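What follows is a short report on a single structure.
Every chain is named by a letter (A, B, C and D) in the order it is written, and numbering of its residues begins at 1.
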Amino acid sequence: MIGREQMTVASQRLIAERTYELTLAGRLVQEMKQPGQFVHVKVAASADPLLRRPLSLCQIDHEQGQCTIIYRQEGKGTALLAQKQPGDTVDVLGPLGHGFPLEAAPAGGRALLVGGGIGVPPLYELAKQLANRGVNVVSVLGFQTKAAVFYEEKFAAFGETYIATDDGSHGAAGRVTDVIEARALEFDVLYACGPKPMLKALDERFRGRPVYLSLEERMGCGVGACFACVCHVPGSETAYKKVCSDGPVFRAGEVVL
Amino acid sequence: MIGREQMTVASQRLIAERTYELTLAGRLVQEMKQPGQFVHVKVAASADPLLRRPLSLCQIDHEQGQCTIIYRQEGKGTALLAQKQPGDTVDVLGPLGHGFPLEAAPAGGRALLVGGGIGVPPLYELAKQLANRGVNVVSVLGFQTKAAVFYEEKFAAFGETYIATDDGSHGAAGRVTDVIEARALEFDVLYACGPKPMLKALDERFRGRPVYLSLEERMGCGVGACFACVCHVPGSETAYKKVCSDGPVFRAGEVVL
Amino acid sequence: MNRLAVELPGLSLKNPIMPASGCFGFGREYARFYDLSVLGAIMIKATTKEPRFGNPTPRVAETPGGMLNAIGLQNPGLDKVLTEELPWLEQFDVPIIANIAGSTMEEYVEVAAAISKAPNVHALELNISCPNVKKGGITFGTVPEVAAELTRLVKEVSAVPVYVKLSPNVTDIVAMAKAIEQAGADGLTMINTLVGMRIDVKTGRPILANGTGGLSGPAVKPIAIRMIYEVSQAVSIPIIGMGGVQTAEDVLEFFYAGASAVAVGTANFVDPFVCPTIINELPALLDELGIDQISECTGRSWKICAHAVHCRP
Amino acid sequence: MNRLAVELPGLSLKNPIMPASGCFGFGREYARFYDLSVLGAIMIKATTKEPRFGNPTPRVAETPGGMLNAIGLQNPGLDKVLTEELPWLEQFDVPIIANIAGSTMEEYVEVAAAISKAPNVHALELNISCPNVKKGGITFGTVPEVAAELTRLVKEVSAVPVYVKLSPNVTDIVAMAKAIEQAGADGLTMINTLVGMRIDVKTGRPILANGTGGLSGPAVKPIAIRMIYEVSQAVSIPIIGMGGVQTAEDVLEFFYAGASAVAVGTANFVDPFVCPTIINELPALLDELGIDQISECTGRSWKICAHAVHCRP
């Protein structure tokens, strides 16, 4: 069930350049299940900023009743969010959307997780849940530069983890696709989240394979009502999918990137 | 000198129904001199609420580098202000305007301070400074009801203090003017701050006497530039005074109430 | 008696609160949050004859106190609305106001004739003012004669009362309203969005793929209030007000300005529960203000002025 | 070369930032905060022939992301402006743009002829669009022929270039701009305020004593950007843009839309230091965006589109 709750900030810390890890506590955590789902966050009660911000779930901890999100400070909304202190509340709507299909990865099989920049967070809960199901997880995480890297060891705890940076300041120099190629990484299923050019490159390279991509689009409602976040379906002029409610995760080929 | 500073909240507490006492620390305090001056407060950095809120200085403590304001939670801005915690900052512009003329009260003479509701705060610093100058202070403070009363003992420390409540739940039943009449209170100079009907009643009753009134008007700039807060000058169609920069304290008769 | 009840042409509303067109889809999404039967009415998303995909994305951009949208009238088309969306909505005890749009007068007329016969459609809302459809849209809404002609044609074929939705992007909103009233409209709804734009400083380009979009949300409320205040004094048909409504106080402000019911748009995105919350809060607010029936409030801001010396509106 | 410098008819500006008319008085108040010589120019408060008291109070009301004002052109009158305010301003190294208003064409012409001869007045700004003066004001600003006629008459007598300030309360801002350009205006300034209203829920009456007022501040920025974007593509005279500017980024957004300089109004009330702050922050922002001269930025949002396939404005 989607709910709305004033969740309580349990902790917040800077984990990389302009990148915050925010842990929230509340009953809503019990509704959060699927990695790749997101929450829609209102950072201040005032009319400025007005809209909610979509942020992916990075960790779901039902026992503690806590969830974690990781976000980069970009504009007005995330700047305000970064000011929250433990004990403050955050207005959360969620969990929203359809996440990564775990069942697409056979137990004992190999899942390749490919993340770019601030697309990395949802892959962490995915890695955890896949590993729990006995799937072999390989992660390839791309960042711009060393200072932006986060969660390297945390991913490594679930399997082989490769880092790529654009400027070569950490891990391999270049893009995630370069790493996949150089290492000749194989997979039964590929899950990815990151900037559109990265998703497009993966889509083209692995056309026909089981590839799941998490998309980003500017949102109004976040629940499927406003038609802000649509994308085309291949082969039709009028058919569409909504990123917020049909996605954000789609099987490659399901929608036009 | 008028300045702008992110002042730090030293303390904030509820002292009466919807009424808060907020103590702020900062260098700006050293610029604050005259009782009756006000500060113009921006309660949040966002565009909503957009404008600053005019709030009177209630206590100025140069040694501690702190000032106190007392305000009633009315709308959006004061509701946000009420959420501030010690250590938070508040964007303050001030001190603004011309306050109560202390020199109008002869040492050894008698000053009558008349306050109504949320007009009471600036009279406190006035009482303190007058008492320091050897003026005998008599205070008459009107409130709606007992739950709204604040600072009764604090005023009493500087001289005779009478409370009136509209519903008679505390002190005398009725208005401040009833108390002045009933007690036949005399004065060399009268200083007042409160709702316009109260100020009008005092103006009419004591026409020609040395009476100083602090006015309220909706403000834009607070510094004299926008012409939002003007009032007429008796006997002219076009002459005006600005409450923010010529006032907020005027001698009775100087402007049209 | 139900103090929130409001009677309008074609609409006996249990309360005056309804989601605004385009901000509530066809109700399915919000039905997961609450029982839609609590609503006074529902204004469904603009329906055109054929399905439309609408504009490329990004379609929304945030602005101080508001948002821009350029959805471009995406909708599943008349047939699907008639066969899937409206029948699904019949499970709720709530009248539907069908918002209709088109590129030509003929399209409006065709959609109006068909959709007005659906059992739960109690009124039509003519969207003559969508700023995001280049062909036609904007002209219908800004030229009084054209708007009047369209109103007349739709009235001829409609089986239910017709409300016309006014565009705020005009010099003289009163002239528009009067022309539409004279053409036989049963009511007005106002305001639609104001044409606005945002440019991304990093790219130098408009944020919306469409370039311009429609401004909505709290930022536009003072413009909506002013226009309703002016129009309600000039016409005798009722107005459903909208533009930035977020709270029960806002609803009262719209009534005082001259509205007889109120629609809530953008605020649904901020808080999916906003409509039932407002409906629940209204009785206490009426108590606080000493108001018996909400319907008494319509136009109070200008009605009291005739008697009050100090009022200079 | 000074990368913030901007050349406009009559105005060689060291930077493109100036306080907007009515939001800075005649400079005296803000001179207590900083040296006015840092400003690109100053647009002084509207001057009329005779002194005016203006409207009754309350004259301002806050709105979400904005404010309403109904000052009503209060000013000390032409004589005092000529003998007291302008001479006082001569101590600063800053060109003055004199905003003028009137109830009749003759009044505009008389004030324009006189004030344009003051030594530090480098340009006039015709306020044909003040929504708070009932007589004349609003009509001049909404009928293209009337605005053009007024422009022509003032141009005949003015000793300095004439900028005309456009009202956003019109259906077709481009038609207004073109008529005014053809009548000989040297530049445009836009936008003035949008007519709005707020009603106090407790009293049921408008908050402003005048009833309606002009909406300004961040809330109107998307409307200003859209109008400047449209007008700058249709005329060849320069535009001084305004409406909700608060930051250096906002200034760039106005340039990209099509402005050649930018005025800051309401933001002065929020932060009296806003103009010098923006001026100080602009160079770093230009660096970040790889811009050499700010004057290159004018109209970039639509100029780049001619070459870019993906742009659909």
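One rule holds for everything that comes next: a residue touches a chain if its C-beta (ideal position, glycine included) is under 8 Å from a C-beta of that chain, and two chains touch if they have at least 3 such contacts.
The structure displayed is predicted, hence computed values, not measured ones.
Each of B-D and B-C has its own count of C-beta contacts, and the greater count is at B-D. Farthest from subunit A, judged by the mean position of CA atoms in each chain, is B. With centres set at the average Cα position, the gap from subunit B to subunit D is 36 Å. Subunit B and subunit C have CA centres that are 45 Å apart.
Between the Cα centres of subunit A and subunit B there is a gap of 54 Å. With each centre defined as the average position of its C-alpha atoms, the distance from subunit C to subunit D rounds to 33 Å. In subunit D, the residues that touch at least two other chains are 63-66, 217-219.
Shared interface positions of subunit A, i.e. residues touching 2 or more other chains, are given as 47-49. If you sketch which chains touch which, every chain touches every other chain without exception.
Against subunit A, in their complex, subunit B makes its touches with residues 44, 46-49, 76, 80.
By the touch rule above, subunit A contacts subunit C in their complex via residues 1-2, 4, 42, 47-52, 93, 217-232, 237-238, 240, 245.
Here subunit D touches subunit B in the complex through residues 22-25, 28-30, 32-33, 45, 51-54, 57-67, 69, 71, 74, 77, 217-219, 246, 266, 268-273, going by the rule given at the top. Across the complex, subunit B is touched by residues 64-65, 218 of subunit C. Within the complex formed with subunit D, the residues of subunit A that make contact are 47-48.
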